[in-house]
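Next, two complexes with chain A in common: one pairs it with chain B, the other with chain C.
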Partner chain A sequence: MSEEHAHIVQYKTFAIVWIGLLILTGLTVAVAQYNLGAMNIWVALGIATLKSGLVIAFFMHMKYESRLFQLSLFAALAILAIFIGLNFFDVLYR
Partner chain B sequence: MSDVRTTPTSDRGFFDEGQYPGIFAWLLSTDHKRIGLLYFWCIIAFFCVGATLGLLLRLELFAPGETIMSAQTYNATFTLHGVIMIFLFIIPGIPAAFGNLIMPIQIGARDVAFPKLNLFSWYLYITGAILAVTSLFTGGGPPDTGWTFYVPFSAQTSTNVSLAAVAVFILGFSSILTGLNFVTTIHRLRTEGMTWMRIPLFTWSLYATAWIQILATPVIGITVALLFAERVIGTGLFDPAQGGDPIMFQHLFWIYSHPAVYIMILPGMGVVSDIIPVFSRKPCFGYKAIVVSSLAIAFAGSLVWAHHMYTSGMSDMAVLVFSFLTFIVAIPSAIKVFNWLATLYEGSILLDPPLLYALSFILLFTIGGLTGLVLGAAAADVHVHDTYFVVGHFHFVMFGGTGMAFFAAMHYWLPKIYGRMYDKTIATVAWAIMVIGFLILYISMKIVGMQGMPRRYYDYVPEFTSLNQLATVGSWILAVGLVLMFANIFRGIFKGDPVGDNPWGGASLEWQIPSPPPMENFGEEDPVVTHGPYDFTKAGIL
Partner chain C sequence: MSGHVHKDYTGAKFGMWLFLFTEVLLFGGLFLLYAVYLARYPQEFISAGKELNVWFGGGNTMVLLTSSLFVAISITALRRGAKTLCLRLLGSTIVCAAIFMVNKYFEWSAKISHGIYPGSDHMKEMQPGEMVFFNLYYLTTGLHGLHVIIGALVIAWAMILIKKDRVNADDWVILENAGLYWHLVDLIWIFVFPLYYLILH
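So, the complex of A and B:
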């Protein structure tokens, strides 16, 4: 991000995101107590995705970047999700 | 393109404008052309080593039983042949050498976006290459796993797989950084008037390739890092006895290594897409379709990796899905082939060496692609999996495709870079010898594979002898063609007749500047582009 476009994020925003991350961490621990069968991995990865999404959007300032950067990163993450998804798809049907 | 002719500061262009004295003008240069040539010469050197190993393998297989080497040496030799050819020649071949040399000029830039990172990428490449060579002489001896490093064997063998894995890890970083550099360059450094739909197809193919390099290469880094951990600290991730899954290794390996096939072939397709319009004197047929098909191949090609694993024990459902996805990739590949043929149709064809090499690309790649469909169909693949049919198939695609495209690029662009022309008659003769040798060598492999000869085997039953001997003779003919071609090219570089700015009559930007190009490619002012890369009428060529 160039100097003139620097975006100052309020401490309050960071604090809210941080609390959100803590709650999601708690949720990860909580759902680990239950056996959801094949859904175990999807729930765990779903929560992890949400958490990394918050970190990328706020702490790494992607929310305030240009559409091109957002699209590039989204494409990369979508491909990664497909890689992981097709892998688990194989394991699921073995 | 518009008037961009600049007066060279000397007849030898950027060769006379090094920032540092002597060898440091090369080793410390951040000029994309010098870095491109550093890559080019290293890649040529590794190709010669890899080809020599291939010839030795064929010589060993000339007769059943031991011919010239022991079984262990044979295993190490085919591993090394694969590692050198894949990681040190084909993957960096066209993008790192010709991408660096030509791409910035094609979009009207003075250099890539991150010149220092570009030089760093070359040093990573050299470091990886040195480590790969070191792994032969240290530890437990040369790796004998094949270039695929499959577990459980690679986790257990006493040979020096760990160092080879580190080498692949480092080479991967070189590839990722080059990809990042190219994506940024193509987005940010296009000159005025160089709209997305005026970008030459070679640069478009590099753009699609760069995205695969960025997205898929980290996975091979993870894979070899896990293999390293498996060997050194026994993590057990791939060991069923410890709850691991050996098929997971194959998934991880091919998540990179199949898209890597497209890292290899897409730039080759870009070279052919640039050459055919110039030597047909016609605009490229279906420019937009070729652009879209490059991106479609990059995307769809990333989703088909498990077609290497039909017999690995993965689920039948996954086999069906990956087989279906594999057939989808055939569509954009065929779109390109039909567009090239349509460009040639009714063109004013000039049968110069670059076009001959490009035409042999189309023939050999199409044969390789169609035999790929035999392998993509799960039912047929089960029968020919791990036979010489597969070896024949991928040599048709990789050598007949990317290799021929690399040679086409050499004959097309080296006169621009060095400002001198090779002997076209010798280039044509060398091409003919190579194609004949190539067909004898690899068609024999396909037939003997169909008959059931497994790949990577040191010995074979006497029934396979005649076809193996035919293949070996083919390898000798191919070698003669290669030696003739390289000798002619090198002689041309140093002693050939000077060429003008535009020896082939191209309309893209690299043909509008002096040969060799000056230091920053263009003069005081950046070029302004007013027409497409294949608009020969507006460029004043026709």
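So, the complex of A and C:
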């Protein structure tokens, strides 16, 4: 089975991703100290999305997986977005 | 049947991902509640969020990110045949899980000693929005903490299998899936941290 899953991620790649994650954590803490009004939450979510993208792509090997894995992840996240988004049509216009 | 055991590596890993999707939807429900109540009580969420200690939340973020690094590297180590290094990294991950839970214990203890816990008299006197914030905080971090404990147990189980060479450089999918679970625990926290600890304005 190793022939079809031969990709071994280098230690160095993981270390660089980890440093990136720490920098983004510092950034999100720093930005939270400033009052950007409603933008605060969107910046926080943006940075969190970027961080989760790094974790999923490298630590969870999604970058090296087949289309099947990538599309099903996309479908799951789309369902979550619809699930949260559609609720706001009710909540905001009640 | 002698000698050859059929292993479906892709199937095993895909099954794990499907399970992780259900976990995302489980926590997604809690994030949905957060989003709806944030829209309804923006000021109360800010005043309640300021009560949480950024150092606990931020410290635990670094602990989890580092533990995720250890797990990721451990898979590469195992596949390169560095079994001892792999086991050490997984052991360090369990230590990180323990540090996370000890932090959580002190954090919750401090909150509880200030009378902030679901159903307390102090919480009943709060604004409805603040009460919702703290209830969601306990529910989300509690469920997440449970996942940290389960994740640590799964990694301990993988370590035993690696020690016995049942999981090895040619057959590592159990470690891969244990790792995926651990990274999910990290992923959830990546969202919990800014939403609960960094809501200051």
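The rule is short, and it goes like this: the second predicted complex is superposed on the first by the 75 of 94 C-alpha atoms of A that agree within 3 Å, B and C clash if a C-alpha of one lies under 4 Å from a C-alpha of the other, contacts with A are read in each partner's own complex, and residues count from 1 in each chain.
By definition in this document, a residue touches a chain if its C-beta (ideal position, glycine included) is under 8 Å from a C-beta of that chain, and two chains touch if they have at least 3 such contacts.
This is a predicted model, so every value here is computed, not measured.
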Between chain B and chain C, more extensive residue contact with chain A: C
For A:93, is the partner it touches chain B (first), chain C (second), both, or none of the two (neither)? first
Would you check which partner chain A:68 touches, where first means chain B only, second means chain C only, and both and neither mean what they say? both
Based on the superposed arrangement, let me know which partner A:82 touches: chain B (first), chain C (second), both, or neither? first
Overlap of chain C and chain B interfaces on chain A (superposed complexes): 68, 76, 79-80, 83, 87, 91-92
Show me the residue ranges of chain A that touch chain B in the complex, using the header's touch definition. 68, 75-76, 79-80, 82-83, 86-87, 89-94
Applying the document's contact rule, which stretches of chain C touch chain A when the two form their complex? 7, 9-10, 13-14, 17-18, 21, 24-25, 28, 31-32, 35-36, 38-40, 54, 58, 61-62, 65-66, 68-69, 71-73, 75-76, 79-80, 170-171, 176, 179-180, 183, 186-187, 190-191, 193-195, 198-201
As the complex stands, chain A meets chain C at residues 1-2, 4-5, 8-11, 14-15, 17-18, 21-22, 25, 28-29, 32-37, 40-41, 44-45, 47-48, 51-52, 55-56, 58-61, 66, 68-69, 72-73, 76-77, 79-80, 83-84, 87-88, 91-92
Residue ranges of chain B touching chain A (in the complex, touch as defined): 187, 211, 214-215, 219, 245, 247-248, 251, 255, 302-303, 306, 314-318, 321-322
